[in-house]
Amino acid sequence: MFGLELDRLSKQYPGHLAVDDVSLSIPHGQFVCFLGPSGCGKTTLMRMIAGLEEPTSGTISLNGRDITQEPPNVRKFGMVFQSLALFPHLSVGENIAFSLRLQGRDARVRRERVAELLKLVRLPGFEKRAISELSGGQRQRVAIARALAQEPQEYLLDEPFSALDAKLREEMQAELRQLQAELKITTILVTHDQREAMTLADSIVVMGDGRIQQQGAPADIYRAPANRFVANFVGLSNLLSVEVLDHQTVQLGARVLKVASVADPRTAGQAMLSIRPENVRLADPATGLEDDNVIAGRVTSVRDMGSNLEVILECDGGRLLTVVHARDWRGAGAGDVAHIWLPQDYCRVLAA
Amino acid sequence: MSRNLISTGAQRLFMGLVAAFIATPLVVVAGVSFNATRRMSFPPRAFSLTWYREFFTDADWMASLRATLTISACAALLAVIVALPIAYAVWRYRSKVSQAMAGVGASLFLLPGVVVAVMFSALWGVTGHIGRIENVIVSHAAVFLGIPLSLLAVGFESIDRGLLEAARTMGAGETDAFRMVVRPAMTPYIVCALAYVFVLSMNEYLIAYMVAGFTIQTLPIRIFTNMRAGYEPTMCVAAVLFMVVGFCVFGALAAIGDLPRLMGRQRPLHD
Amino acid sequence: MASLGAVAAPSRSRRESVAQAIILSGPAIFLAAFCIMPLVLLVLLSVAHHDEGTLWAPAFELTQYRQLAEPTFLRVIGFSLFLAATSAVATLTIAFPAAYFISRMRRRAQVAWLVFILGALSLSEVLIVFAVQVLLSTSGVLVKTLVDLGVMASAHSLYPNFGAVLTCLVYLVLPYVVLFLYPAVSRLDEEMPQAAATMGASPIRTFFLVTMPLMRGPLVSAAALVVIFTISSYLTPLVLGRPETWTVGVHLSNTAMEAGDVPLAAAQAVLLVAAIIGLLALVRWIGRDRSARA
């Protein structure tokens, strides 16, 4: 198998299981994001891949070779740490050339490679600068360049952009994506920011409680969350308690609704209906109040966002958030009753 | 697994050797103190508490013990009383004067004990105030002033100024803010400084000897005189006493306060 | 703070400086009398006239300083420096890893170690020297073990000699150095050495290329601490060493207490203080922030 393979990997710390039986394969050249809330085990998983933590059980193999017992300095997966871990006693150039120095490359080769990498991260001519002279974004780029210098087989980034402000973060994300596309290097990025994961990754691994909750292309995960955790963590989701009647109908209060599918075929009885706010539509009283999937709710708040309105309604089974285009809203305020349509295709049923 | 086992094994071995190195002399002295015979031998031939009885009934040893405890307690108190306003001023006003005073106050601690001893014996000689117990107290307070100064500085720096300002915005005056925020935060550091100076003063030998050694025999002075004159098993009892006091004081400190933080660790320690 | 100050600037700063003057007046008197005065006196003594009867008489002569340049005293200085360098290297070799490991232990183990080290630190030099004496003596457990093992042909005392002096000095200063390094080592970012590892550095190269340079300032300061302690040590070389292994500290004390030449002792002390100030300046220069360079 060409690529990185994790097989039933677990990490037990005294008193808690950080990573719980994770199996995953990452094909060569992919950009994968480990996405999850803090404490979900994503960083531990990455550190095990780098060789900084030893798994309690399970194996890691690269291109079919078991590397579980290899120390980090033998694996040499380039890693960008959350703290960046740039060496303050070395200059920018010396930091980037660190791995080349360890490999015993001569000064000329090192100089050329450093210049080339600095150009790549758009910091040409920064070789002699001290780390303390750089801005946050510049340090970020030096860290990215430093981990690339050794031409790693796996490129690992642990929340590399979390310390940056929003604008700079977006710029850096775009640059990283472009860089990865150019170099075609297998990249794993750990993040708790779902937007970051959506914009960067070819494939997202959603983690929660030390386990993989769902894995797939960003759009698939967004469209079809596998469970409640994913629905909640990736994007906003409305969750209404329903009772499953059969594989395509559920009961919400007194109403029977048609749904796209029941995600887990074992789901029965009490379950959750999940629908994204942007998919909740206002029902047109002229045509469709009698449609199967129209329900009534009491408006509790309306927030005017300019082009859109965020409306929160109270209805059977829970609270419902919907985003409506300003021109579609007919001026109902808090306390009024509104009718909304939950299109069948967007209604997914998850285990409660 | 293997990789970690080797490195933790090597680490354990190293720390074990360090612990053995530190513990050996202490164990030897303690062992000798329980010896039944008069000979200085280890391991002890037969267990007995003879020397303990002798120590605690001997008027001279008891006088030394009293003098030592008096000196250490007073020196600790004096050093903290002098250091506290300086450290507070450095933190609160950040003035040049207070910083200079902190520098001067810490300077004696950096000087060799021998030099300080000569300095103070000359000072008391010049003033004609010779051989008095307060000489030792003041000298010790001056020498060990650096300890409370640095410990209290760490303590003050650990106080969140935002907290102080919050207290002020809630209507607390300067003294109220001090009482509500500063005092509780500083208590462990003050206790730690007191304990530290107490124990160091109790064990200090050279300055006490040069300043008032001919009239006041503190425990270390008496042990040293004994040592030069010939072996006396009761001195081992005194030595054990020192160890017990030292370990108890710092053990108690660890029980009431966050010792790693008191010793300057900044990052919080979980577990 | 700044904005608060701006609102009521004059009266407030006035009040603050009055308050500061009040709380600092007591400590200022103490410092003047018991820190500055003795130092001034020491300098005055070093240029005073040595008098057999009254010990010293006010004067201004440089006799004592000329005596410092005598070959015997220079040899003492030379030996003291050699001993200091040796004990600094030996102490740091033990203390640095020890402090590092302690700072990485679990909380309870850390507290236990700190109590242990503080307890050892607080023990009087007198006691330690005495204990080492007992340990190394002819009837001591160490000699017996060595004889039993056949390492030593016949039982004889393991002191006085250079090794005993060095061991005891390392023992005495070790707790200070471990505690001195502890805050710095506990601040060391764990991810720095890890980053080096991911770039292919073996643990040993990581130590020399990353950990040591990052700790350069504290390590140099700690070495200075050991040097100051060693050259001024008194009891250890006196009891466990021979006259040729006596340090400046021993000679200084002997000059003052046995020979009664207080002015010469003062001059020796002034020299020692000057040397220490020089050493600390050097430490500052070495430990300065390299990242400030252009």
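Per-chain residue numbering starts at 1, and chain names A, B and C are given in the order in which the chains are listed.
Assume a residue touches a chain if its C-beta (ideal position, glycine included) is under 8 Å from a C-beta of that chain, and two chains touch if they have at least 3 such contacts.
These figures come from a predicted structure and were not determined experimentally.
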Message = Report the chain whose CA-based centre is farthest from the CA-based centre of subunit C.
response = A
Request  = Please work out which of B-C and A-C is bridged by more C-beta pairs in contact, and write that pair.
outcome  = B-C
Inquiry  = With centres defined as the mean C-alpha position, give me the subunit A-subunit B separation in Å.
reply    = 54
Ask   = How far is the middle of subunit B from the middle of subunit C, if each middle is the mean of its Cα atoms, in Å?
value = 16
Inquiry  = Could you work out how far the Cα centre of subunit A sits from that of subunit C, in whole Å?
reply    = 54
Query = Which residues does subunit B have that touch at least 2 chains other than itself?
reply = none
Task = Among the residues of subunit A, pick out those that touch two or more other chains and give their numbers.
result = 71
Message = Two or more other chains touching the same residue: where does that happen in subunit C?
response = 203
Inquiry  = Residue numbers of subunit C touching subunit A in their complex, please.
reply    = 189, 191-192, 194-203, 205-206, 209-210, 213-214, 216, 289-294
Key: In the complex with subunit C, residue positions of subunit B that touch it   = 7, 11, 14-15, 18-19, 21-22, 24-26, 28-29, 32, 39-43, 81-83, 85-86, 88-89, 92-93, 95, 97-98, 101, 104-105, 107-108, 110-123, 125-126, 138-139, 141-142, 145, 161, 165, 199-200, 202-206, 210, 220, 223-224, 227, 235, 239, 242-243, 246-247, 249-251, 253-254, 259-260, 263-267, 269-271
Inquiry  = For the complex, give me every residue of subunit C touching subunit B.
reply    = 1, 4, 16-17, 20, 23-24, 26-28, 30-31, 34-39, 41-42, 45, 55, 94, 97-98, 101-103, 106-108, 110-111, 114-120, 122-135, 137, 139-141, 171, 174-175, 179, 182-183, 186-187, 203, 228-229, 231-232, 234-235, 239, 249, 252-253, 256-257, 262, 265-266, 269, 272-273, 276, 280
Sites on subunit A touched by subunit C in the complex = 50-52, 71-79, 81-83, 85, 87-89, 98-99, 102-103, 128, 130-133, 146-147, 149-150, 156
